[in-house]
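Below are two complexes that have subunit A in common, paired first with subunit B and then with subunit C.
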Partner chain A sequence: MSLLSLTHRTPRQASFGRGLVNLLTAVAVVAGLVAALLAMVGVDPAGTAQAMWSGSFGTLRSTGETLIRATPLLLIALALIPSLRAGLYNIGAPGQMAFGALASTVIALQAPTLPSAILVPACAIGGCLAGALTAFLPGLLKATWRANEIITTLAMNFIAVAVLGYLLTGVMQSDFANLPQSDSLPANSALPTFIPGTRTHIGLLVALLAVPLLWAADRSRLGYRLRIFGANPSLARQAQIRPGRYTIWLMTLGGAGAGLAGWMQVAALDHRLYVGIATPVGYAALFVALLGALHPLGTVLAALAFGALLHGGDSLQVGAGVSPEIVQVLLGLILLAYAIRATTSAATGTEGRTRSWTFWKRS
Partner chain B sequence: MHAANSVAIVDRPAATPAVALKHISKTFGTNAALTDVTVDLRPGEVHALVGENGAGKSTLMKILAGYLPADTGELEVDGRAAPADRVLSGPRVGVGFVEQEGGLIRELTGAENLILAEGTGFLADRAAAGARIRELGNRFGGAVDPHVPVELLAVGQRQRLEILIMLARGADVLILDEPTAALGIEDAAILTEIIERFTADGGGVFYISHKLHEVMSIADRITVLRGGRVVGGHAADQVEVAQLAADMVGQRVAGDENRNGNGSDSAELIEVALGEERARTTASASHEVVGTLTGVCAPAPYVGESALHELDLVVRAGEVVGVAGVVGSGQSTLARVLAGLLRPSTGTAQLPDRVAYVPEHRHDDAVALELSVRDNVVLHSHRRREFCRGPWFRRDRMDQHVEEVLRRSHVRGATLTMPISGLSGGNQQKLVLGRELDECPTLVVAHNPFRGLDVRAIQEVRQAVLGACDQGAGVVMISPDLDELLQLAHRIVVLFAGRILGEVDVADGDLDQLGRLMGGVA
Partner chain C sequence: MDLLEAILSTAVRLMVPLLLAALGELIAQRSGVMNIGLEGMIAGGAFTAYAVAMAHWGLAAGTVAALLTGALVALVMAVGAVWARGNQILVGFALFILVPGIANFLYVQIGWTGGAPAVPTVTIPVLSQLPVIGPAFFAQNLFYYVAAVLAVAVWYFFARTRAGMTVTAVGHSPTIAAHRGTSPRRVRTLALLACGALAGLAGAAMSLGSVGSYAPNIVGGRGLIVIAIVILGRWTVPGAIAGSLLIAVLDSLKLNVAEGSVIPLQLFGALPWVVVMLMLVVSYRMRSNTPRTLAQ
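Entry: the complex of A and B
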């Protein structure tokens, strides 16, 4: 329900203020709950928060780590926003990201001697195309046979895991590892970093570039047509906007973003391919987009918050003696709180069209 | 809780009104929607509320149903005070509100809708729920299969089903908002029958309508609202239709410069309200053909509608062709074929590139409710080169144009950025028509264009259609309401089971022939 009510908001009305209020309320409620939980198991909540904060923003290095975590989340979330606004639920980011990473890895390993100026873009394009193709197929199925994109993209995720597992325990497995992972990528395929003393790579700039692009697209003819398509497909047909074509493009766009994120993950950070390359980023990105109320700036904030939580959680064990799994609890609760908030605000809308048992009918 | 018990109202003294709304006021922002309105409803009566769009009828009924809070005022149900100042989490107990667009969930069956509405959970017995609906259907004379998904039912059946579900939930007050707006003659007759049996059983009905003749025949009492105030209360057997029309329209033309200059004065509007005014077109039908269907067969777009069989139709410039027929005879199929949205399976359709199309279901097909007025207006014109700068728009020129379209089509109270859902139905309809005519079409297809509109809006929509006609467009107007067609069309073709059964020249005015054709007698 909450998901649906979100998509019915259009870019114009996806009011940034309201999204922010929703997000902050959710965070406040959840912080209270988690503090209570921590106090119950005998840990000092304030100390934990302190450890969390210094873990994610305390030093330049930790801030950089937070940004690294936020980068793929942001990129995928922004690429998903147009399709989510149109009511298309592409939940295949993990699979698309994995295939993107796979393509980048293969290119880098096959042409390790190419100069960096050629190899880095080649890996990026390869990853982008692989992700796009992975999403193109569900889009095509949806456009031609109305196959539910949630099912098909989910299925692609399983296929991606299986393909990676097969390759990484077979032809691509490193000779120097017993684990299912590939050889190390050549150094000249790595992304340059741009904040000294951190691992923050130029992928962040690529992701941030998507913000003005999205903003501009909203005001373009294409953005207008997408808006009509998302709001009323029947009307779109009358305006000679072909739903099938837009479905395919929107899905493909989401896949391209995820593919790029996969490239960044292998080329900038891990420097080798492994089966779990897309966890937990792939699914989390969908939530980031939703938490950001499908608004570009809201999504930036949400990505930053998620990045901080993911990285800060890792430092909890050391800083406060708390199991890092508490972050998973925290994330789960945030989503739950946000979902409840979104549903109630939809149900108490001021429009006067509130009906307890009919408000989710197609209007 | 058996439905049978809850509808039977036996022991209530007739003096206690079933529902009494006292001194209700409600403002939206600075706009007073209702001012000190007092109405009541006695058991066993039909109380009609008439008035133009925006007169406050729907707002009042939403307060009664608990969908909207009143600012001030009191509400009594069965003589007991009930809260009027807050939104209830569901419809008020005992009150069933049948809205124009229908409130059932299309994917579910009638029985499932009932179970959902009652909130009895997933273990609820579908067969029992269906049996209750059937039993009520037999009792009130409107049997509908409760085990078929709602989306497969025709409009009239959906409405009957919704009424039956409300009765099953124990409603003893029904609110019917423009119930006959989309109904053909038979369905309307069945509805009347249900209303009669329901009131005979002690139920009360609030009946909202613009059709004054209909109101006169069905209502016991009539209250006229204008500008959020009660301006007339009459017993139906002691009032003339002309009086109602005059109450409704009021004498405000002199003081209202907004409404001057578009050719509608009170007398004319009263005539429209009475259904007596004949359309005046200056254009005479030429011989220039603007659209031809030859031997067209096309599949029905939904169940309950007829497919087209070997249909021939010629539309000429400057004429209004009325399409009459029982609802479900292929009107929707024909409209979609003419609008270019449905390709004929055989036969040829020679149509112009730009067909202006006013669809039957405004919310489903004609507007994007949550998008802005601007976005809705530029649906076609956003492609014009003058509004484009590279991939972007020239906002200033475009906005200027949108303002112009709104002004030309007499859309009131619109700002460019507000969602179109904030406009009344009549203004939405005028906007849709304005948008479509903005493309200088040579063929206009209007399906039920007056549905749910008040007299003033009807008059303006009508003038827009005739204006297009004067400028050389051919108009196809589809409506289940013969009076509407007779007032506007030059000739009327009658659809029956997807075929054109015959044609009547309106100038000859052979109504018997029309009636026979609609019944399927060639």
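Entry: the complex of A and C
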């Protein structure tokens, strides 16, 4: 891969168009396979699709719910994009979200009388820092001891579940319920909504704000260095770009995004902390970033599509009597369809035909 | 003494699926494929074994079906990551999500309840009477003995046979192997199929052997723990055995000691994961025979 192409814009613009084509192809193949699976267990695929559509875009309220589901996906995906470009796979979003939500909850419950204008940003910063710290540790392990980040971030997910389970059945358990959940958050920690008739909160605007930020960062010196680091770590080392430091910062950035998403989940939607606080998002943000071709605008589209998918999938139980696990199947198939044509294996062959500019080489 | 005996006996029972999967992952990684999809292969095997057993086709049929399912998932991995030359990590991660998803969907949609029939326990006379280690190592279900035999077989394969050497060579340098007339693609495909079959067997050992029933997300991230075991074990069979036993002892502590211990039950669930992270750090400085083209 010639380094010259780094400076050209054309391949990047082409990759956006190609990403769109990839997306459409994947959707077509995957829809066929899921329809086959549904038909196998005796469910009408067309009816399911219709129930899913009306579940995600049927009414103003359900469109709002779709936007709510898309918000954390967009935010986390945008924060993950720089690290994915460098070949780092941070799958720890659920754990980072959980710790972010935990920090926000603790702050909100400790200072319930603060005015909203102080409490909301305080919760946001707390959640963001907690998420960043959760991802900092795997980043540090990767940079110092080359510990596989996929395993360590997944480990942090399970550790987060254990810690939340411990705290929510112990010191943080609500007095009113016998369930492992916290007290309700004070009303002045809630995020304001901005579309009447829906629960869509200003978190969506925060996530959308990250789009131009990423766009600008792409064009900055930092973005250029990141691309070199992602393309060729040994060249980057010669250019005095220290891979270890970049690894840590990139992981931490992803964690910060997930921590913010955790704050939004608990402060804007659920208003109390429970163990499965990150379940509505899970790993889907990683898929959004990949299927958006690691491009800011592509990611917005992908986040919207996945938000609709997740919310529509959850409403299937009522609408069509299909268990919501089908969404997991759908996500897996989509990623599989994408991954098979994503890059080339450097070990066994020459460069492939459909090579994404985002994965030249794994560090 | 009784407690120690119980802990050890449970640990060896829980070790069996980990060891079987670790042997499979060992083969795949030696050939240079980082098989993140292992989780999916185990989950596929666990569900198929349970489904076949629930259909009253017998335990043997269940085990064979699990083996085939694991190999089938591995075939998808081979097509995606080796033939189509997709990104190994991403194809693996897709299977990590997809196969447990299919298993969960079918399980919930079909609505089975109840446990599957358990695999018979085989007790070796005399040896099983030994104090402490007797019941743990000489009175286990059938899968334990299968795993023991397979562990020796895999060790022999890599240490003493030409085919084992070829697999290692492909992992270190597929280009040179190709120049010498071995097709890296073929070797990696076969290694993945063997890995899938072993992982499917591990799944059967999980749902029919150590747990005796199926529950959604039965594997619960074990697939990635096994990958950490293989890394800590430095891609050797004795290392894989030691690592599997370590994790299994931690799981067994959760089941046996947690009642009335000072450490809260929830934190016991995090213990294997903390150990896994430590394992990755500790193994960094060990003598390494890392397959040089792993995950490329």
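We take it that the second predicted complex is superposed on the first by the 314 of 363 C-alpha atoms of A that agree within 3 Å, B and C clash if a C-alpha of one lies under 4 Å from a C-alpha of the other, contacts with A are read in each partner's own complex, and residues count from 1 in each chain.
Following the convention adopted for this analysis, contacts are C-beta pairs under 8 Å (C-beta built on N, C-alpha and C of every residue); 3 or more make two chains touch, one makes a residue touch a chain.
It should be emphasised that the depicted structure is a prediction, and the values quoted were computed from it without experimental measurement.
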First, second, both or neither for A:Leu331, with subunit B first and subunit C second: second
Partner chain in contact with A:Asn232 - subunit B first, subunit C second, else both or neither: first
Subunit A residues touched by each partner, larger count belonging to subunit B or subunit C: C
Touched partner set for A:Tyr224, first subunit B, second subunit C, both or neither: first
Subunit B and subunit C contact sites that coincide on subunit A, given as residue numbers: 348, 352, 362
Interfacial residue positions of subunit A with respect to subunit C in the complex: 37, 41, 43, 89, 91, 141, 145-148, 150-152, 154-159, 161-163, 165-166, 169-170, 283, 286, 290, 322-323, 325-329, 331-333, 335-336, 338-349, 352, 359, 362
Interfacial residue positions of subunit B with respect to subunit A in the complex: 62, 67-68, 87, 89-91, 101, 103-106, 116-117, 119, 339, 341, 357, 359, 363-372, 375, 378-380, 382-383, 388, 391-393, 417, 419, 421
Complex contacts: residues of subunit A adjacent to subunit B: 8-10, 12-13, 216, 219-222, 224, 227-228, 231-232, 234-235, 237-239, 348, 351-358, 361-363
Complex contact set, residues of subunit C against subunit A: 32, 36, 76, 79-82, 84-91, 93-102, 104-106, 108-110, 174-175, 184-185, 188, 216, 221, 224, 227-228, 231, 264, 266-270, 273-274, 276-277, 280-281, 284, 293, 295-296
